[in-house]
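As written, the chain order gives the labels A, B and C, with residue 1 at the start of each chain.
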Amino acid sequence: MTLLTVESLDCRYGLLQAVRGVSFEIGQGETVALIGANGAGKTTLMRAVAGAHRPHGVFDGIDITRIPAHRRVALGIALVPEGRRLFPGLTVEENLRVATSRRRGRWNVKSVLEVFPLLQPRRHVAAANLSGGEQQAVAIGRALMSNPRLLLLDEVSLGLAPVVVDAVYRSLTDVIREGATVLLVEQDLTRALKVAGRVICMLEGRVVLEGDAASLDRDRVVRAYFGLKRPA
Amino acid sequence: MKVQRWTRTSSLFTGGTAVLAVLLACVPLVFDPDVVQKLTTLLILVLLAAMWNALAGYGGMLSVGQQAFIGIGAYGTVFFARQGVSPYMAMILATLLAGAISVPISLFALRLRAAQFAIGMWVIAEVISIIVRLDQNLGAGTGISLIELNQYEPNFRQAYTFWLALAFAVIFLAALFFLLRSPLGTSLQAIRDDEDAARSLGVRVAARKRLLFVLAGFGCGAAGVLVVANTLFIEPSSVFSVQWSAYMIFMVLVGGLGTFEGPILGAVLLFAIQTTFTQGGPWYLVGLGATAALFALALPRGLWGTIEERLGLRLMPVGYRVVEAQREKKVA
Amino acid sequence: MTLVNAVLQGIFLGAFYAVLACGLSIMFGVMRIINLAHGDVAVLGAYIVFVIVEHTGVSAFVAFAAALPVMVVLGYILQLTVLERSLKAGILTPLLATFGLSIVIQNLLQLTFSPDVHSLGGSAGVVTTSSWQVTSGLSVSALGIVVLAVAVLVFGALQVFLSRTRAGWVMRATAEDADAAELVGIDSRSVYARATAIAVAIAALGGLFLGIRSVFDPVSGPTQLIFAFEAVVIGGMGSLWGTLFGGIALGVAQTLGAQVHPQFAVMAGHLLFLAVLIVRFGGGRAVLPGVRRALLLRTAR
């Protein structure tokens, strides 16, 4: 069943067009990796799906084009933004509690802390005083608190040590196993190909490659990533 | 393709303003002292609007306290006149005093951003007002008259005052005009648009803002001088009143913040409203306040700014135009 | 003893300033807006109480309870009409728009009521006039105690609201990052409206106290705004408890100033405010070397 349909997405910043005519679908339970060089339009695309940018999109049969960001959360779309964007003065628990929505599901403060045990002792620490890995965990947990059907993850590995990223992805795999539908942006190609079922590669605002992660060979992906033409 | 400063329109218009200035100089010779006094008021408004625009429109500094300098100019005139200086000489000195005082104030005021600067200037005006109020020699709280002007016959006095007002208006507008045409002018535009970015490009933000601030200090001081010359009687509660700031804000917002011609248009409008609604009182002030707020929210470029944008019109050659073979595209 | 009494009276006065400043501080903390019409909103509150008292004869405090919902609604309207638009427009726009609003309120009040001064002291009952002589030089007024108690209560309640309730966390989150707040399901528009409503209600409380302690007229607003802003700045912008401290500091400065010369009271407050600005924004670093250099030159001669 198709959970998200994006149709001819166009996103602009003033005169700069960041996303050009992008269309794709995500089925329920899928994990799709969105890859591409910096400036390809990935973050803009994610923000557009989450509602921070206004394009055309259909979610679970509902046209969400005009629905503002805060109401998309109630529909089941949650974004873990690039750079985490935690509320620095609020504690871990407050950051989580602030993000509860009316949606019922298995995620609450207790279960989030179970999936990210490193946060247990830091529960009442202000977000500004957390380490990078802890902040990323809170950011993901915060998105989970609304029990989303579609989880959007923008560059969760950015600025984190590899060993920390491993821990984050381990918890993420647990989350994915629970049946979440995930659209994630990931700079690290290897990780992206490992965790995702499908891959969409963007270049200069357009989709240049799409396919199953297993069937795509790495070479082809790299060429699409950098926009290199294949030899005739 | 070439970069152009003057267009046919702006050449015509600038020439026209020079002619206008000469014509205005003849006003006292033609009209009654009453009319001359009213037109002096108009010139005071033009001066104030231009100065407030210099601060906010070109410098990004929103001051709700320029009445400090108006008061210094007014009371300074009385002070110097009482020391035995000839009244019109006292006026020049008072203007210089206002400008001089603006320098030390700028040392600390310019480090303040937005709201702190706005209200900080207001508090400074209040402080100066209180100091003046304490001085018995300056009439304390009840006000004082520039009786030294009585040595002149009313017609002559009104004429001299008008010519002084015209001279001040021309001088300060010209100063602003040349300032904006200089390389300083472009950097001021940059500062207004994004101060931090301008600083990172090497623009000496502080020095430029100080220049505008001091210019406005001189200009508002000159306005204060003209107020006492025009009305003869001043009191702290009127000359240091925040009402002046209200008028300046109205004129510039409605006329066109950041444009050269806008404030002049705003001054003419305010003058027209004031003369039509002389007994208006609270109603006309409600209108002023509501209009200012509406313009701030809905028409931030003001009347002139919107006209300029729609018609691509620039009457005074303050910006640049990039001219291509057939089509003209405005750049600055 | 007079010095101690002055400080004590300063604390009572300062508590009043703190209540006046509280709403201004909230709006700045949550929305980064300084509402230049804040003083006029407080005076408007005083007038609404006055109208209720005139028509029903109830005590000022009862009238305030009735006026409160009106003020809350006005706060919502203010946010949704004027402030919301200015939020998106830039730094200068909120200042300009609220300045215009200030003039509108002052003059509408002048048209509705006369320019005469009014007072709520008469209808506040025994609170206005009671006082206790603690020692020969020290007197404590009932009103002073009431205002101080209310101030502490209001600030305390706000603190509890912000740190222990979900609505409070939501407000703090929106204040820190409105964009991210939207992404977790928070409607920032309604949070801002709530903050303005609270600010306006507390401003009205300040207006009530203004009317009881002294008199008010349609143009009293700007003076209250200046005191409120001074209190906020002295205590540190963005700090809630700082505003309470700042208010008290301002009150004490004024009463101590009055000891020097009766007309010096307000001036002392202004000077404290300017001094805090200089010190905090480093203007002192520029002025001080200049002054030192000038003094050195003089002594060298």
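Heads up, the rule we're going with is that a contact is a pair of C-beta atoms (placed from the backbone, for glycine too) under 8 Å apart; a residue touches a chain by one contact, two chains touch by 3 or more.
Worth saying up front: this structure is predicted, and the values here are computed from it rather than measured.
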* **Connectivity without chain C (remaining chains kept where they are)** => A | B
* When you average C-alpha coordinates per chain, which one falls nearest the overall C-alpha average? Tell me, please. => C
* To do: Name the chain whose C-alpha centroid is most distant from the C-alpha centroid of chain A.
  => B
* Intercentroid distance (Cα basis), chain C paired with chain A, Å -> 44
* Starting from the mean Cα coordinates of chain A and chain B, work out the distance between those two points in Å. => 54
* What whole-number Å value describes the gap between the mean CA coordinates of chain B and chain C? -> 32
* Structure fact -> In the complex, the residues of chain C that touch chain B are 28, 34, 36, 82, 85-86, 89-93, 95-104, 106-108, 110-111, 222, 225-226, 229-230, 233, 237, 263, 266-267, 270-271, 273-274, 277-278, 281-284, 286-287, 290
* To do: Sort out for me which residues of chain B touch chain C in the complex.
  => 56, 60, 62, 64, 104, 107-109, 111-116, 118-120, 122-124, 126-127, 130, 133-134, 242, 245-246, 249, 253, 281-283, 285-286, 288-294, 296-298, 300
* To do: Would you pull the chain A residues touching chain C in the complex into a rising list?
  => 50-52, 68-71, 73-74, 78-79, 81, 85-90, 94-95, 97-101, 142-143, 145-146
* Asked: In their complex, what parts of chain C are in touch with chain A?
  -> 166, 169-170, 172-173, 176-177, 179-188
